[in-house]
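Okay, so chain A shows up in both of these, paired with chain B first and chain C after.
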Partner chain A sequence: MGLANAAALLGAGLAMGLGALGSGFGIGYAAGGALRALARQPIKQPLIFRTMLVGQAITETPAIFALVVAFLLYFASAETLDAPWSLAQSAAFLGAGLCIGVGAIGSGIGSGLVAHDALDAMSGNPSSQGPVLMFMLIGQAWVQTGCIFALVISLFLLASGNSAGLSGPEDFRLWSLIPLAGPETVATARHLAAGLAMGFGAIGSSLGIAYAGGMACRSLAAMPGSDARIKTVYFVGSATAQSPSVFSLIISLILVLNA
Partner chain B sequence: MNEETVKLLIGPITQAFALLGAGICMGLGSIGPGIGEGFAAGKACEAVSRRPEEYSQIFRTMLVGQAVTESCAIYALVVALILSFH
Partner chain C sequence: MKAGTRARAAAPIAVILFFHVLCGESAWAGLDNPPPLEFLGIQFNHATVIHSALAAVAVYLLVCLLTINLSRERPRRGQVVIEMLVDMLLGLVKQTIGPTRGPKFLPFIGTLFLFVWAGNMLSLFPVESHHFGGEFFHDYNRNGLYDPGEPFIDMNGDGVHNPGFQLPRLEEPTTDLTFPVTLAVIFVVVLGHGSGIRFRGLFEYLKEYFSPGGIMGIGMFPLNVVGKLSELVSISFRIFGNIFGGAIIMSVVSGLVFSFLLPIGMYGYFSVFCGTIQAFVFTMLAATYISMEAAEEAENKGDADQ
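Let's turn to the complex of A and B:
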């Protein structure tokens, strides 16, 4: 057992535990929207049921990304059983888990919000189901960008952890946990900081884009005639709301590529 | 210890904390602007559906409001860039 091994296992647990949080909430919220829609329009049951399932399937993706990274971290932990006690390598594994785990929270909740609002809007005005369904799919796909950024940074960190490291003491010594000087300290900080920046950076934009998507679906159902104007406002507004997560991606890439 | 040795010992620690600070700064700093800009976009959609004829004014006001909200994220970006090249 080494430090990197333990960090990879901890990272796998954090990735899946935090990653399932948002999707779990979102899928349940989509189901709640479907129930409300059914109570209003029982005759539209097949359409509502189908839309709910499609929305829930897309809401599932952040959890699946987290599952993939958790598996990769689990395999990485098996390969680092006898690795030296490298702090930088351990930080890379821990950062990868934190990045996708925290990054999946916003996208999971956000996708569920969009599906809920779309189902609600559809049941309010059944004649607008086609455009609302399209807006729902666009909105949910857009909400996923945050956790896709987090997945990219997680994979960079995993690659960095699998290649770097291998410097450090062979077995446990107390001072190996507090390296006072050297590039190892800097690389450790870079890995952790990259994971934190992209993980937390994905939350806000995903939630904001999700709110915009849900309101766009509701507005479309309320005023089907002005869908071109709503589309323009929605697309431009969501693109602007995306920019904070792009800033986070830039900072994370600077941090992880210089490690 | 002379000054050179101290710098050699302390330098990487300072840089490590600056880098950690950069990551936390950009990560937490983009939560608020992201939610806020999305809220503005959502409310603008609602406003357009209520009054489609006021579309251009709503659109302009939304963009100005989002630009002001964006400044928070840009502050975080600037501080994070300064810290990461410390």
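Let's turn to the complex of A and C:
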């Protein structure tokens, strides 16, 4: 009794603690970009302030996802108070927390990078504000795709944790800590591996797409009117940069669904 | 209001009343938690069905109200608002999809934005509703079994149902995943891929799935399919997670802090500000995904400009 409960609480803490890391940095970085833009274009203060607020609101998304999973884990922990001692269930809860927590780091930082670059580009050429704002929103949305994959895997892990907790001994036994080759151990490994695969797989793609999005904003401001050509390269490039996190998603889904 | 306008406005109200009758009781008067609708073996969430219909009716009535007595010489305040909105959306579709094909998609894109936005604004109305959080919190008791009675919500972790968590507010349809997934299927799959097949032909459309070509192409097919599916996942989970997370934060803070001012500020931020931004992002991403399938030729246009 209590292992799944403890794992769910630990997962909730990990999810929110790690998940707030990236967004916190990103929101501040966007504010820094706004201040730098303000130094170049003091007259455009309302525009810069508005853009900063919109960018920050979207940068907050990974932290909100982490919060959703943390609350769901918290509710799950209350429901598993008298659940039997199940390693697989505990691993599912811990994996869910780790997955969204680690997966939100890259997306949070990356969204802030895009907002920073967009504000910087906007201050260089204020007449291009409309297309730059659109590129910023698209870029931030794509940066967060990795984090959304992590949210999906976390919800899958939560669901399988809520349904898989009925096997195992009633109370603490020393031998349940010894890894034995059995379905329970395999399911434990699968749950943890799925969370880790998607969580770490989302970081790099998000940061890479963030770089592409920021540079797209900058080159759009440098060459106004050529947005159709930039768009082609930018969209295809971002889609290609997304593929590593898609690999992670496939492997994580295989791991979760077979567990 | 002219007679024709009144007759048009009456139709959605009739639809709502039909839902009302179908559900058997007043679902948004907070009387009871009705059992889910079942049709062809699929369960439908009451709150989602009714509240999305409510949002549709609200949009319809709002636009009807803003477009009466249109005048070219002396536009009224409502006309200016609706013209600004249409201008903004027209600029959006022209910029993403293209100057000639874009305006064709304006009715769809504009309706999508207004519908999702009105759905997100529903939480501002303090009408008691038993549903919160879609299928995650509701109708399932502690053992995971379906229980259509009181929803089990436990804030303190002591295993006791704590109804102080619930708030008298209309639940946004976006807090149920089915709503954004349905819209994403309509807009990305039907409109986007449909117009991709229409504008480029079936062969050119299918060739994209074997994108690097050659021997590599056959191996890349499943990855490309997953890549296309991830568009659907990303667009729908984004708005779901944001609105659901905002709803959780607002409910928890309002339930724990017994004050007036803080929840009002949180509604202003999470419901009005974030709801509007997320509705716009959803619309813009839908337009972007359509443009990836149906965009006009970029190179020729750019060269013609010079």
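Descriptive notes on the structure:
Convention: the second predicted complex is superposed on the first by the 257 of 259 C-alpha atoms of A that agree within 3 Å, B and C clash if a C-alpha of one lies under 4 Å from a C-alpha of the other, contacts with A are read in each partner's own complex, and residues count from 1 in each chain.
We take it that a contact is a pair of C-beta atoms (placed from the backbone, for glycine too) under 8 Å apart; a residue touches a chain by one contact, two chains touch by 3 or more.
Since the model is a prediction, treat every value here as computed from it, not as a measurement.
Judged by the touch definition given at the top, the superposed model places A:L220 against chain B, while chain C stays out of reach. Touch criterion not met for A:S123: it reaches neither chain B nor chain C. Touch criterion met: A:N162 reaches chain C, while chain B stays clear of it.
Within the superposed three-chain model, A:R229 lies in touch with chain B and with chain C [touch as defined at top].
Of the two partner chains placed by the overlay, only chain B lies in contact with A:G199; chain C stays clear of it.
Between chain B and chain C, the partner in contact with more residues of chain A is B.
Using the contact criterion defined above for the overlaid structures, shared-chain residue A:T59 touches neither chain B nor chain C, since it reaches no partner.
When the shared chain is aligned, chain B comes close enough to touch A:V186, but chain C does not. Once the two complexes are laid over each other on the shared chain, residue contacts for A:S90 go to neither chain B nor chain C. Contacts of A:I148 after superposition: chain C is touched, whereas chain B is not reached.
Shared contact residues of chain A, touching chain B in one structure and chain C in the other: 225-226, 229, 232, 243, 247, 250.
Across the complex, chain C meets chain A through its residues 91-92, 95-96, 136-137, 142, 144, 153-154, 157-159, 223, 226-227, 230, 233-234, 237-238, 241-242, 244-246, 248-249, 252, 273-274, 277, 280-281, 284-285, 288, 292, 295, 298-299, 301-302, 305.
By the touch rule above, chain A contacts chain B in their complex via residues 180-183, 185-186, 188-190, 192-201, 203-216, 218-220, 222-223, 225-226, 229-230, 232-234, 236-238, 240-241, 243-245, 247-248, 250-252, 254-255.
Of all residues in chain A, those touching chain C in their complex are 53-54, 57-58, 61, 64-65, 67-68, 71-72, 74-75, 77-79, 81, 130-131, 134, 137-138, 141, 144-145, 148-149, 151-152, 162-163, 225-229, 231-232, 235, 239, 242-243, 246-247, 249-250. By the touch criterion given at the top, residues 8-9, 11-13, 15-17, 19-46, 48-50, 52, 55, 58-59, 62-63, 66-67, 70, 73-74, 76-77, 80-81, 84 of chain B touch chain A in their complex.
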